[in-house]
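Notes to accompany the following structure.
Every chain is named by a letter (A, B, C and D) in the order it is written, and numbering of its residues begins at 1.
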Amino acid sequence: MSGPLLLAVDGITVDFDGFKALDTFSMTLDKGETRVVIGPNGAGKSTLCDAIIGRVRPAAGRVLFRGEDLTGLSEQAIVERGICRKFQAPGILAGITARENVALAARRDRSWWQAFGKGIPAEEQASVDAVLERVGLADRAEVKAGELAHGEKQWLEIGMVLATGAELVLLDEPTAGMGPAETSRTAELIRDLGDTRSVIVIDHDMSFVEQLAAPVTVMHQGRFLKQGSVEAVRADPEVISVYLGHSA
Amino acid sequence: MAFRFRQKFKRSSAVWTAAALLAISACSGGEESETAAISEDAVKVGILQSLTGTMAISEITVKNATELAIEQINDNGGVLGREIVAVVEDGASEPATFAQKAQKLIEDEEVATVFGGWTSASRKAMLPVFERTQNLLWYPVQFEGNECSPNIMYSGAQPNQQILPALGWAEEEGYESYFLVGSDYVFPRTANLILKKHLEDRGLELAGEAYVPLGGTDFSGVISRIRSADPDIIFNTLNGDSNVAFFKQMQAAGMPPSELPVMSFSIGEQEAQAMGTELVEGSYATWNYFQSMPDEANQSFVGAYQEAYGEDAAITDPMVHGYLNVYAWKAAVEKAGSFDPAEVREAARDLGGIPTPMGEVNFAPNGSLVQTAYVGKLGSDGQFEIVSDSGTPIDPQPYDPLAFPDQSCEV
Amino acid sequence: MSDAVTSQVPAADGDRAWRRRAMALLPWLLLALGAAAPFYLSGYNLSLLGRFMAFGILAMGIVLIWGHGGILSLGQGVFFGIGAYAMAMHMKLAAAGDGQLPDFMMWSGREALPWWWEPFASPVFAILAVFLLPALLAALFSWLVFYRRVSGVYFALITQALALAFATLLISRQDVTGGFNGLTNFPSLFGLSLADQTVRDGLYWTTLALAALGYAGLRWLLATRFGNLLRAARDAENRIRFLGYNPVPFKVVAFAIAGMLAGVGGALFTMHAGNISPALVGVVPSIEMVIWAAVGGRYSLAGALVAAVALNILRDSVSSAFPELWLYLIGLVFILTVTLLPNGVAGLARRVSRR
Amino acid sequence: MDAALLLNQLFNGISVASIYLLAALGLALSFGLMRVINMAHGEMLMLGGYLAYLTLIWVPGAPGILLAIPVAFVGAAAMGALIQLSLIRRLMNRPLDTLLATWGVSLILQQAARDIFGAIGVEVRAPDWLNDSLQFGAVVIPSARLFIILVTILVLGALALLIRRTRIGLTVRAVNQDRMMAGATGIDAGRVDLVVFALGTGIAGLAGVVLALLGPVTPSVGQSYIVPAFLVVIMGGLGSVLGTTVAALLLGLFSALAQTVVDVSAAQMLLLLFVIIFIQVRPQGVISIRSRALDE
């Protein structure tokens, strides 16, 4: 089900005052692929996202997206190329409604001189509605984002990420703080995404990872450790020792 | 990350605040003056000095001296049979406030005249108010000249009554190389401009010129330059606290006033005593009045002031000018037979000698005071010993003919 | 108040509707009251109200950048000063007459008008400069800082240094700026005598109109997507960055608008007060400008406008009666507003009226 | 330009840098730890100066100056602790509001000083050995300035020892790095804040004593040094003692050398320009500690 190569992380190293959060880490992702990245605390999962979206600058290595080197581009330029990320803690704008949040993300022209208007431009209305529908917030659209339930906030942020039209979506612990029912709804949502987008999911909730039924990359201390199906990875003794061993 | 929008305000907030404002402005708008400016038995005058801010320390003493004069006059039957009522306002060491309060005194309090101002900035800011309202300001401090408004009586020294006599004295003493140090504002810059013209004219050497921001206390750079220039004497137009830092750092650099003479134009008895006389002892100053002047009129003034404001109170040149301004105004009112500012200022221009603590003085037709300059040397007791004087009273010259040849005073 | 809540529900609803209507009317009432001020205030009090309203225009700009943009500027005095000096330079040249040097240049030993003074002889240029010069400089300065992602406390401190440097520069270049004295003594404005009360009334109405215009314009701006994005940049700068927005121009534009409002306020102040000097643009006045917005309520345009006027009226009366008290009072106002009333009087009023 | 002037200015630059550093150290320490700037920090200098003045009335001469140093340190630290407990602690995570509230404190302290000691500065009479100067060829070094540099070096040394070698230093570093984690390991972060804040204001008090050797102690003495101190903090980088030291030296030398070419006012303007250009190159300051902590 996967197509040509979309993303190549090529030997990147991120150094925080001598502590290597990422150490010559590499991975690739194909178009339309969903990949789960797991690893114990401090394995460098979030830093990997940071490096892809330009939040940290790697000391060495490159990030190639559709063959283009992203290192050195500004955050906005990377979003324009088609990558968007959902943060661990819901990054929504609490003072405006869910619909306005999505509309902000859905803007095609994000320059400041296009901002002197009220409401949502008519041509963007449909896509905003579609996103709200997709993340199951259509009937909560007029609620202030800050007043949504925790799970709804997570979905709203996923919706915002989708609304940017990103081809590659990074989801950093999308189920943090969710109950089992919400978790499986989220898994369903992410599985659906696989039709149109490439997704990297970071999580360490194994039951959620299983529901995603996607290939898994395991990280440890900033390095690549293993890659394979959920079952294969779970059975791997090395993974058990560094990852499951830690959490046990 | 907690991303929260603050709630936008409802209109109600605007309304409530507005109501509060209206209440406040209604209260303060209601402060109408209760007594008319010139009633049957009283006449209102304004005193406008800085009671707060950086200039307060100096200006309060002038306010005190002005009030003392008013009290004395009232005790002796007032002016034209009326009691003087003083309305005191605070200029807060800020030119715009001076202008604002001057307008308040004239338009709201309807005072007959105003005594006040210290810095040139405050006078410049008040000038248009007095010209517009055709009222009269009595200004007590030496200044840089270059101004003669028909609505201001300038009793403080013009440059040719303080700075130039000092230069004359220094030349006679044989000093040939001059270093000019000043605070960075109008008086020092203009005074030094005039000094430079006269140095050139007299064939004396300008060793250097340096300014520090008002209130500045770091003189390391200035002192390095003085050392390199190696002048015979320093002409000092520093203001306020900068003086302490300057003398202190000069002493620490091995150049106390006993080694390298300093002539100061903004250090009077009060400043010298507050700074600690050890620092400035032996330095020179030029004024039109020193507390040590022996005349009887001065002794009785000093006595009266110290009785009212403390035995240790130092008396300075601007205070005496503030004091004599009230007497000059009284004399002018009596000569004109009226409190009308226009008639008073006509009358004030030739009073034919008013007795003051600094001797008999007179206002010249250009609205400035004719007065004698004295050079004093500071002793360890915080008093100046007069070492030289200009002999005869000097006619005031608002525009220095060397520095500003095309200007003249037309009143 | 809270007893018998249940039985009062319908009545409370009706009451609220009535109150809402009254609220909608009040700003207009206030505007009318302001417009009629020349008929019931003395000339002196009117000129005070005019110059305080000019402060209010500046304070609304602070609400824009500080309340809604999270940008604390301790240097608004600089932009106030640029507007004020631009207008003062024009009036000074008009007072000097054709080909004559302004008086202070003469006694500072200058022989010719500096080239950058010359265009200010034109009233059109001066008015344009009042609006555009502060805005452009604010944009340039804030872009240099925001572009390097320096913000928050750092930005506040840099603006304070800017205020100090600007005041020092004005003082030290006496021959071209009037130095410590500043610029003063302007008898006329665009050929009209400022001694004439009808001219002064007109000036007051202009001020009121500009304040109303500023209020309406900012209200509109804050309701647009620009307002939303500005607040988003305040609360979640990184989030909007990773949604593909560049927050820098939003902050820069807001800062430039605030700079322009400060400049307009400065020019109006100068016309009312008849002088401008470095004492009004330095560190201390600049930070006092923030407290106007803080007392009014940092998110409330009307609150800032009203508080700027009210605090200055208070200052005028307190400092006449008890000059020494004022500094203690303003110090306490700083501490108490920030700790107890972070949303200012407007926030308090809103809480009360919600009850 | 002659070499003697240049050498003298180099020395002056170092001595001015020492004052900037003493004034800025406390600011930088609490900024690194709490992300707040105390606008009343300048008034801690003033307090130190007045305490020195009072101490010298009580014990004149050289012992007085030496006694004034601990007195000013303790007095200013106590005042700092009071401000921290009553105000800054309440405004946790509201750094901009803290700026405004502490400015209010600064206004009140200045006016109080004016009411107590008068608006004219008081003079702290240094003992004669501090009023002398040493001469090396054309370079003249006033001993007061030498004394200031010496005090600064001692303070820096003591601070380095405190941070690197003591338990207090360890807890400070821990809270500096990760407030939450430090809290989880049983460190009372609130107490660390208090101690560091008091220490910082204490150092400012000390700076007030050495300043009194150069100029008068006035109610507004702090204001004249506080803006350069802020610039030092901006340039220094977040809470780094080394960065602060380097920044103070850079600014001190820049300002002193600028004064050989332009006057003091213009030098002030150039100083700001220098800082703005500097942050174009290194917005994170001289020394930046890159950490994994989330920004904002």
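The rule is simple: contacts are C-beta pairs under 8 Å (C-beta built on N, C-alpha and C of every residue); 3 or more make two chains touch, one makes a residue touch a chain.
It should be emphasised that the depicted structure is a prediction, and the values quoted were computed from it without experimental measurement.
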Chains sharing the largest count of C-beta contacts are B-C
Among the chains here, which has the CA centroid at the largest distance from chain A's centroid?
B
Roughly how many whole angstrom separate the Cα centroids of chain B and chain C?
33
Centre-of-Cα separation between chain D and chain B, whole angstrom
36
How many Å are there between the centre of chain A and the centre of chain D, using C-alpha atoms for each centre?
46
Indicate the whole-number Å distance between the mean C-alpha point of chain A and the mean C-alpha point of chain B.
72
Show the residues in chain D shared as contacts by 2 or more other chains, in ascending order.
263, 265, 268, 296
Going by residue number, chain B touches two or more other chains at 1, 3-8, 184, 211, 213
Which residue numbers or ranges of chain C touch two or more of the other chains?
168, 171-172, 231-232, 235-236, 238-239, 324, 327
Which part of chain C faces chain D closely enough to touch in the complex?
66, 70, 72, 74, 144-145, 148-150, 152-154, 156-158, 160-162, 164-165, 168-169, 171-172, 237-238, 283, 287, 290-291, 294, 324, 327-328, 330-335, 337-339, 342
Along chain C, where are the residues that touch chain B in the complex?
19, 22-24, 26-27, 30, 33, 41-45, 47-49, 51, 67, 103-104, 106-109, 168, 171-172, 174, 179-182, 184-187, 194-195, 222, 231-232, 235-236, 238-239, 273-277, 279-280, 296-297, 299-303, 306-307, 309-310, 313-314, 316-317, 319-320, 323-324, 326-327, 345-350, 352-353
Contacts from chain B onto chain D in the complex sit at residues 1, 54, 56-57, 184, 210-213, 215-218, 220-222, 224-225, 227-228, 240-241, 244-245, 248-249, 251-254, 271, 274-276, 278-279
Chain B touches which residues of chain D in the complex?
2, 4-5, 8-9, 12, 15-16, 118-121, 123, 125-126, 130-133, 135, 140, 142-145, 211, 213-216, 218, 220-221, 224, 256, 259-260, 263-265, 267-268, 294, 296
Of all residues in chain C, which touch chain A in the complex?
221, 223-226, 228-229, 231-232, 235-236, 238-246, 249-250, 253
